[in-house]
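These notes open a run of structures that come right after.
One chain, chain A, links the two complexes that follow: it is found with chain B in the first and with chain C in the second.
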Partner chain A sequence: MDEDRVIICRCEEVTLKRVRELLDKGLHTMDEIKRISRCGMGPCQGKTCRPLLAQEIANYLGIDVGSVALPTFRPPTKPVKLGVIARGDECD
Partner chain B sequence: MTRSAHVAVIGGGVNGCSIAYNLAKQGCTDVVVFEKSYLCSGSTGRCGAGVRCQWGTEMNCRLAFESIKMFETLNEELGYDYDIEFKQKGYLILAYTEKEWEQFKLNVRLQNSLGIPSRLVTPEEARGIVPGLCTEGMLGATYCKKDGHCNPHHTTWAYARAAERLGVRVKTGVEVKDIMVRNGRVRKVVTSEGAYNVEVVVNAAGPWAKPIGAMVGLDIPVYTERHQILVTEPCAPVQDPMVISFSKHFYCQQTPHGSFVMGYGDPTEVKGYDIGHSWQFLERMVQVVTPVLPVLKELRLVRQWSGLYTISPDCQPILGGTPKVEGFFMAVGFSGHGFMLAPVVGRLVAEQIMGRPTSLDISMLDLERFDRGELILEPSVV
Partner chain C sequence: MRETEIAVVGAGPAGLCAALAAASCGAAVTLIDREERPGGQLVKQTHKFFGSERQDAGTRGIDIGRRLSERAMSHPGIRTMLECTALGYYADGVLCLEQNERFIKLKVKRMIVATGASERMLAFPNNDLPGIYGAGAVQTLMNVHGVRPGDRVLMVGAGNIGLIVSYQLAQAGVKVAAVVEALPKIGGYAVHASKIRRLGIPILTSHSVKEAHGKEVLEGVTVWRLDPGWRGIPGTEMRFDVDVMCLAVGLSPLTELLWQAGCEMKYVAELGGHVATRDDNLETTVKGIFVAGDASGVEEASSAMVGGRLAGYAAAASLGYCPDFETKKKQALWELAELRAGPTGEKIRKGLAALRGEAC
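So, the complex of A and B:
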């Protein structure tokens, strides 16, 4: 598998290679990897990459994926235009 | 077996990591940094990351100007393999009230006298600097091209890794539970992974500065307050400087990544440790910023979050040791500007710990200034 061509986070174009490089450099939590690589910071709010990244960390550390701590979830669930928020009640 | 270290730094934010790196650089490598969560998990990883030398007190001007010079070469200094993303495209500070405008004239005079290349600009000139800026109600602005912003996660990590290369131990996921003082001197820190005999303890615990102070019997006069912030989707580069207004309580920058990061300092925000997010912030933020920067209306919000300011009675940091407890040093109470000061703070506090003369005189930033009633009031804060 070409790690350089496997994309973990589509929004921010973070590759598997980059994730493994950061794991090797000692970043072992989702919060740390997110903050350095932007993995999960894009408009989809990590919907796709969250489980992929969690699995990658679990494999690396040899732990159960359930014990990988997830980052705080922050709104919005769907990206909204600022102009819409400024107008208050309307929708576009 | 009790382990030992010459210096224990409490806090893996940008200030703790900068102090640890500077200690090692100055020759003291027997240093351990304790971070109860992950690096940057405190205020640093949540901040607006603005860096400016346009301040209203001589102290802040000097500290921030020196820090900016250090940021300019920080990637090389720290041998960082990535990029701390220091973008020096200026700060444009908008004036809306007569009082503000008068203060800005004084500020620029002070800044220029210290070599800071800031200047007063007319609303028309401001529009030339930020195309699309709506200048309605604006009396003028000040601009300094040396100012900018930087990535706080990369900066902190760069300091931590450089410190580790020099021999510093950085322990994440380890909490300091207590500090033992005997005969007026710090002796030991008790952590979640056992005790360490130490000569020096540095309180760089950000929002937790007060409870750490209490461990050695000090009452550090700071309180915490939530500040909220948001980020948009990225777009093509359209805004060079950070745009900021004290009277409208907002700041807004476009990062090198293309996203806009903006914050609103709610004057009615409650004190405490709550870092939840509110819908009210979102509405207020957008209502305040979009009339000034209408291009933002077309951008989508991606995420909002919040963090804590740790505020001292004069909104200035408390730096250095105290005669009350020997070996106990502080770098706390940074209010809304502790990220930008970290490079110079790291160097100066390390010099104090090493017992050397400091390269800038910061003796008046000691804890005892509050007993003496010698506050250094800064007029220009969000």
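So, the complex of A and C:
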């Protein structure tokens, strides 16, 4: 399979090849892979790639996908312009 | 800061029913949805529902959605905020929202998370070519926006979504080349599968996508047969020249707010991924936060409506409304058990048992 043509994270264009390289380097958690590759940090905030990456890690380590730890979920759930937050709530 | 007694995040079948139930008891409800109109996925479900009469069997999903939306929008106890996204939930009970580029803080006493689910993707070569869609996205394109996605489609997944969307594509005059299913058997209801087969559309079980082809856009898909270990068998490849591929390979619950709130989450494959553990009232391990619908475990719209109603009554009861809560709860639990009875409910029963830590 041409791993370079398999997209895991569409938003950040992270390929399966890149993920497997990182796994081979010893990065075995979603958090580590996210920090190095930005996988899951794009506009959709991982909605598309999270299950794919978890499955890839599970396959690599030979573990159940349910035991792959997910990265921490933090606000905001979607990208927001800084100005929106900087203006604050007009009711305050 | 704005305040509300009960915030319901998501105005799909679960959220609408939750909001209506809570408001009918007298609670002040704020119903929040990202889209410009309420209804969630009901807005595109042109097929008639099953179940019993109580759950609107025989009525089309769009009509159920319209009716619930009208009731919610005109209810004096429900404030509806549309084109409004929940950005984050904080431990002091503040829900942060974004609406038309405005930042809004909402202090909530209770929150019902009815955020639904997102479509799953598959990893295969060229899976980023334009023309590869989620099946639900194609259903929205056709039934809400009136746009044909293309001329020839390959459907991946023979669950109910894959089967129903295949049929609706055919109704719209789009050629469906085949339905491909990785499992050895069709997952959706036989009545939907039979409609597909009568149209002469082949359903290939134990098959999956090997790769997609195309330069700028999708031009074709190669599928192959899978062995019992889910590996493709070389020599069994079949190529379909299609300009659209729909992926109907399952949904993942949208649970960000529950994670942020610190709810205990558990991975249950039968429910679509990580879901919140909860009690009979659909209250999570964080007091005052409830779940309903696909966000609490991927199921279908009828049970989402009943679950939403239960969560709505429970949230209202926890604030001192709804004096006859126990009766209403009993009724809802009975309806859920009925909807989940029989062979079609086996997967969900197994998933819920696993979530409770029981063997089924």
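One rule holds for everything that comes next: the second predicted complex is superposed on the first by the 88 of 92 C-alpha atoms of A that agree within 3 Å, B and C clash if a C-alpha of one lies under 4 Å from a C-alpha of the other, contacts with A are read in each partner's own complex, and residues count from 1 in each chain.
Everything below uses one rule, namely that a residue touches a chain if its C-beta (ideal position, glycine included) is under 8 Å from a C-beta of that chain, and two chains touch if they have at least 3 such contacts.
This is a predicted model, so every value here is computed, not measured.
Aligning the shared chain A places chain B and chain C next to each other free of steric conflict.
More chain A residues lie in contact with C than with the other chain of the pair chain B and chain C. Of the two partner chains, chain C is the only one touched by A:2; chain B is not.
Applying the stated contact rule after C-alpha superposition, one finds that A:51 touches chain C and leaves chain B untouched. In the superposition on chain A, contact of A:74 is made with both chain B and chain C. When the two structures are aligned on the shared chain, A:20 is found in touch with neither chain B nor chain C. In the superposed model, A:29 makes contact with chain B only, not with chain C. Legend: residue contacts after superposition of the two complexes on their common chain; A:82 is shown touching chain B, with no touch to chain C.
Taking the Cα centre of chain A as vertex, the centres of chain B and chain C in the superposed model span 140°, given to the nearest 10.
Note on the superposed arrangement: chain B and chain C approach each other to a least C-alpha distance of 7 Å. Annotation: chain A residues 45, 72, 74-76, 80-81, 83, 85, 88 touch chain B in one complex and chain C in the other. Looking at the complex, you find that chain C touches chain A at residues 1-2, 85-90, 96, 98, 101-105, 118, 120-128, 211, 252, 254-257, 259-260, 267-269, 273-274. Of all residues in chain B, those touching chain A in their complex are 38-41, 45, 82, 153-154, 157, 161, 231-233, 257, 277, 282-283, 286-287, 289-290, 296-305. Against chain C, in their complex, chain A makes its touches with residues 1-2, 5-8, 10, 16, 45, 47-52, 55-56, 65-67, 70, 72-78, 80-81, 83-85, 87-92. Residues of chain A touching chain B in their complex: 25, 29, 31-32, 35-36, 38, 41-43, 45, 72, 74-76, 79-83, 85-86, 88.
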